[in-house]
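Below are two complexes that have chain A in common, paired first with chain B and then with chain C.
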Partner chain A sequence: MTRALPILTVLLAIVVIWYAAAIGMNSPWQNTLNTRAGLTDLPFTDFALQTWAQDRPLLPAPHQVIGEIWNATVALELTSKRSLAYHGWITLSSTLLGFVLGTALGVALAVIIVHNEAANRSLMPWIIASQTIPILAIAPMVVVGLGSIGITGTVPRALISMYLSFFPVVVGMVKGLRSPEAIQLDLMRTYDASPWQTFWKLRWPAAMPMLFASMKVGIAISLVGAVVSELSNAAGGGLGVRLLTGSYNGQTIQIWAALFIAAALAAVLVMLVGAAERLVNARMGVRA
Partner chain B sequence: MSVQTTPGDAVVAANNLGLTFPTNDGDVVALSDVNLTINKGEFVSFIGPSGCGKTTFLRTIADLEQPTSGTLTINGQSPEAARRARAYGYVFQAPALYPWRTIAKNIALPLEIMGHGSAEQAERVARTMDLVNLAGFEQKYPWQLSGGMQQRASIARALAFDADLLLMDEPFGALDEIVRDHLNSELLKLWARTQKTICFVTHSIPEAVYLSTRIVVMSPRPGRVIDIIESDLPAERPLDMRETPEFLAIAARVREGLRAGHSYDEDHV
Partner chain C sequence: MSQLQFFLALIAGGLSAIALALSLITPFEQGLLLKAFLALGVVSLLRFVVPMGPWADGVLAVLGATALLTSLEVFAPAPPYFWLALTVTWLFAWLFVERLSHTLAPRLSDNAGLGLLIPVMFGAALLVVWEVVTRGANVPPVLLPAPSMIGAQLVNSAPILWADFVQTFIKSVLPGYAIGCLSGLAVAILVDRSPFLKAGLLPIGNFMSALPIIGIAPIMVMWFGFDWQSKAAVVVAMTFFPMLVNTVAGLNASSAIERDLMRTYAANYWQTLMKLRLPAAGPFIFNALKINSTLALIGAIVAEFFGTPVVGMGFRISTGVGRLAIDLVWAEIAVAAIAGSAFYGVIALIERGVTFWHPSVRGGRA
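Take a look at the complex of A and B:
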């Protein structure tokens, strides 16, 4: 309870500020509507309730967003094109595939970089340069390009996720695999250990903290990559498409609902990586 | 204690050994003209101020550094061949235990690498843990042990694969004096039981005199041997022997050697 209390206090403050902001931001339009309808001298409480119940508010109130989420998930067929569960699954599947591919690529590159000085000097600048290119520019080229040769669906979107998520894993794992101290490496040398043994018995376990730290970053930006890639193919569905169509049609409540689902998805995914980390830590005897 | 020197008994033989590190500020002579023969079963201490090359000499024996002049043989082989034959166990200044392994698993590490079967691993781990008085701590992780116990575990790890030569680089340097006294007397008992050849680097005069059959006094810039002192102290050495005139006489000679090598000068960088 002592832990929950501060969290609940912050949450409550956010909700209060949100409702207040909704009144402020939605009042100009509400005033226009009321003037047209000839409604004057409305009590403030009635006016506030009006600003929280607009069809297309500038800032939807929390209960409107939650209502939309409910209507678009629980109250709807899973197969419906308007279901957030359906679109969420599309985003989740390309996020997960991209994350797995990105982590594998990142670890593989880190292993090569740590063991080969030529690769260290030649690969690292390209890896960093790859992240300076705006993903918004790359995503349409990949999605449309692959679509033209018949590759559509999850794979092109996952490739964008991979493109973003391999980066923190490379950087983190290069540091992690290099983290053993000189005497720990000397010790392996006195045993005449093979590079393979040195890797699996020393470098790999030593890199675990960095692996999980970079996977947490990686899975969150995998989701960003998936959402961005969906913008290039509106027919394919996904939370990105809901954001896009919402903004075309001024459906702010729909935008916020999709945004909430995406944020919740990211939070759950990061927590899952955290749970896996705790599991591995327990097996490796890390001080609790 | 006099040691019979027959050529076949030489475990470590250094002839005019030299090692120079090139640095940006010019060459640093870590070892210069070292001539030393260490025989089977000896306990040889290397003492001197930092920069005198005592650790470098130990690392050269272990094939962790390459000499730039002279010759060095271990059991009649090159240091590299001796390392590949797993001829020595090395104890570092820090325990260097792997934090993700239990104590038993840490001690089994060299056995895993050298391909011993699991039954033999278990047997050797139990035996060496008993030897360093750590029985009962098999399933503990390193952070659950005191510094002295961690260093005992690292000694057990160096003993586990039964190399005849033990190289110890200031193994008790980071421990307090009470723990160090205790581990010194345990190390002597262990040496008597296992008949190993031990090379021991230290910067403590009492520790060197108490443990050794021979003391090699070294001096920096360039790193060289100043004096080699044979100890005639009896094999049986209780801790209070450190107050006897015989002990103090040897300690005085070590101190004299260090002074002759300018080890007490203030101008050391």
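Take a look at the complex of A and C:
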């Protein structure tokens, strides 16, 4: 309870601000509607309720978004094309595949970079430069290019997730693997430790905090990659497609519902990484 | 000579010999420079008898690249020995970089120029492979244009690219980045004072920084209009939370014993903050600044896909894909990559100056 109270307070404040903002942002359009309908001198409470119940509000009220999520998940068959659970699963599967591939690639590259001076000097600047290529621009080309050689479905989207998620892991792991002080490395040398032993007994444990910090960033950005890569193929489904169709049709409630589901997915995934971190910390004898 | 270098040299020389043998069946005057390069590659096997400096490998790699590029027009379908020569060139470049970095490694600080040569070499090798493969194997330009085509487009459409750069980078990315990072830092310091707020805001900040915030781009376009304001708003939203979370984590990075020391000095809150906790948070803050520098550019470009005036990098890319003007798209991507790398590089330089005490910098590496 002591942990939940501050969070609940902040959440409550956000909800209150949100409802107030919804009144402010939706009122010009509601005024237009009411003037057309000849409604004047409405009490403020009625007016506020009207602004929270528009069909295509500028800012939907939280209960509208939650209602839409309920309608699009529980009230629908799982296999329906309008079900957010169906679209969420498509996004989740490419996110997880991309994250696993990206983390493996990132750790492998970081190990090579830390141990080989030539790799460090030649790869590191280009890994950084590779991240500045706007991924959405090449997402259609990647999907089309891989489609032409027979790779379709989850894999091309997972590759884009991988491309986005390997970067924080490389940067974090290079920093983490180099975090042992020179004096600690010297101590390993006085023990006559092999490079292999130095790696497993000093560098790898020292890099753990950085690994989990970058994995948290990595899994979140991997979800972004999955959502963004779905924008290129409207027929494939996924939360990105819901965002895109919502934006084309002005269905703001649909956009927010898809955003909320994506947010919930991200939160669960980051929490899972956090749980793994606590487990590893406990095994390594770290006290909180 | 290390084991890796030994094998690289052996394979490079051996492949040269095979390629030279394969090339003997073609007319003598065809691709003369390429054959000369392969012959020299075979001669390089003498290094196992007579020592050879690393620069000889560099010269061989450059010679190989020149030979490959000049003989691109000679062959209608490129013969197998042409592709072997490409592999040999790559191996020589690798060997050169490997040997050069070995001679550089012990003396880290006094060879900035030579150290720069290595990534340049790697990038150039990548460009040569790209050029040779796309033109040698006749990859359709719509799928992947050759770098020379992109370069020509970069020069021809310079005014358009500059206007897009100003619209996207100067007007959207920079203000959004500054506002997002500064407010993230300020809120983190404020939140850090109150355990109640920290306990309440931090999980929510973590949650928000994990959100696919690019998704709010259509909403921001609805709220702030088509021009740069909506893109800057997306950038602010994307950069705020990584900064908040990293700074709060960084403020806890100083150890209890260090904070106890400050207390024995009778240091007040602000002295402890300015002299101990903020400097200790430096690596975390710069981590966020670096992550944000790439996020900001991507955010601004992606936001332009949802609605923009008829200028801007994202606009040019999305219309270019539609019109199949792929070389213009790649030129725009090149501009974005250069701008983003320069942005990141400036921040990394500042980090070296500010967090000079951190082991990862003190070792001479960023």
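Heads up, the rule we're going with is that the second predicted complex is superposed on the first by the 285 of 288 C-alpha atoms of A that agree within 3 Å, B and C clash if a C-alpha of one lies under 4 Å from a C-alpha of the other, contacts with A are read in each partner's own complex, and residues count from 1 in each chain.
Here is the rule we go by: a contact is a pair of C-beta atoms (placed from the backbone, for glycine too) under 8 Å apart; a residue touches a chain by one contact, two chains touch by 3 or more.
Worth saying up front: this structure is predicted, and the values here are computed from it rather than measured.
Colleague: Fit or clash for chain B plus chain C once both are placed on chain A?
Modeller: fit
Colleague: So which one touches more of the residues on chain A, chain B or chain C?
Modeller: Counted on chain A, the partner with more touching residues turns out to be C.
Colleague: Looking at A:266, would you say it contacts chain B, chain C, both, or neither? Reply first, second, both or neither.
Modeller: The second partner, chain C, only.
Colleague: Could you say whether A:35 touches chain B, chain C, both of them, or neither, answering first, second, both or neither?
Modeller: In the superposition, A:35 touches no partner, neither chain B nor chain C.
Colleague: For the overlay on chain A, what angle lies at chain A between chain B and chain C, C-alpha centres, nearest 10°?
Modeller: With chain A as the vertex, the angle is 60 degrees.
Colleague: Could you say whether A:80 touches chain B, chain C, both of them, or neither, answering first, second, both or neither?
Modeller: Neither chain B nor chain C is touched by A:80.
Colleague: Is A:178 contacted by the first partner chain B, the second partner chain C, both or neither?
Modeller: second
Colleague: For A:118, decide between first (touching chain B), second (touching chain C), both and neither.
Modeller: A:118 sits against chain C, while chain B stays out of touch.
Colleague: Touch check for A:189: first (chain B), second (chain C), both, or neither?
Modeller: It touches chain B, and chain C stays clear.
Colleague: For A:249, select first, second, both or neither according to whether it touches chain B, chain C, the two together, or no partner.
Modeller: In the superposed model, A:249 contacts neither chain B nor chain C.
Colleague: With both complexes placed on chain A, how many Å separate the closest C-alpha atoms of chain B and chain C?
Modeller: Distance of closest C-alpha approach: 9 Å.
Colleague: Name the residues of chain A shared by its contacts with chain B and its contacts with chain C.
Modeller: 181
Colleague: Which chain C residues qualify as touching chain A in the complex?
Modeller: Contact set of chain C toward chain A: 94, 97-98, 100-102, 104-105, 115, 118-119, 121-123, 126, 143-144, 196-201, 203-204, 206-207, 209-216, 218-219, 222-223, 242, 249, 283, 287, 290-291, 294, 297-298, 301-302, 305-306, 313-314, 317-318, 321, 326, 329, 332-333, 336-337, 339-341, 343-344, 359-360, 362-363, 365.
Colleague: Hey, which residues of chain A end up touching chain B in the complex?
Modeller: Contact set of chain A toward chain B: 181, 183-184, 186-193, 197, 201-202, 205, 208, 284-287.
Colleague: Can you list the residues on chain B that touch chain A in the complex?
Modeller: Its residues touching chain A are 62-64, 83-84, 86, 88-90, 92-94, 96, 98-102, 109-110, 112-114, 141, 143.
Colleague: In their complex, what parts of chain A are in touch with chain C?
Modeller: 3, 6-11, 14, 25, 58, 117-118, 120-126, 128-129, 131-138, 140-141, 145, 167-168, 171-172, 175, 178-182, 213, 216-217, 219-220, 223-224, 227-228, 231, 239, 243, 246-247, 252, 255-256, 258-259, 262-263, 266-267, 269-270
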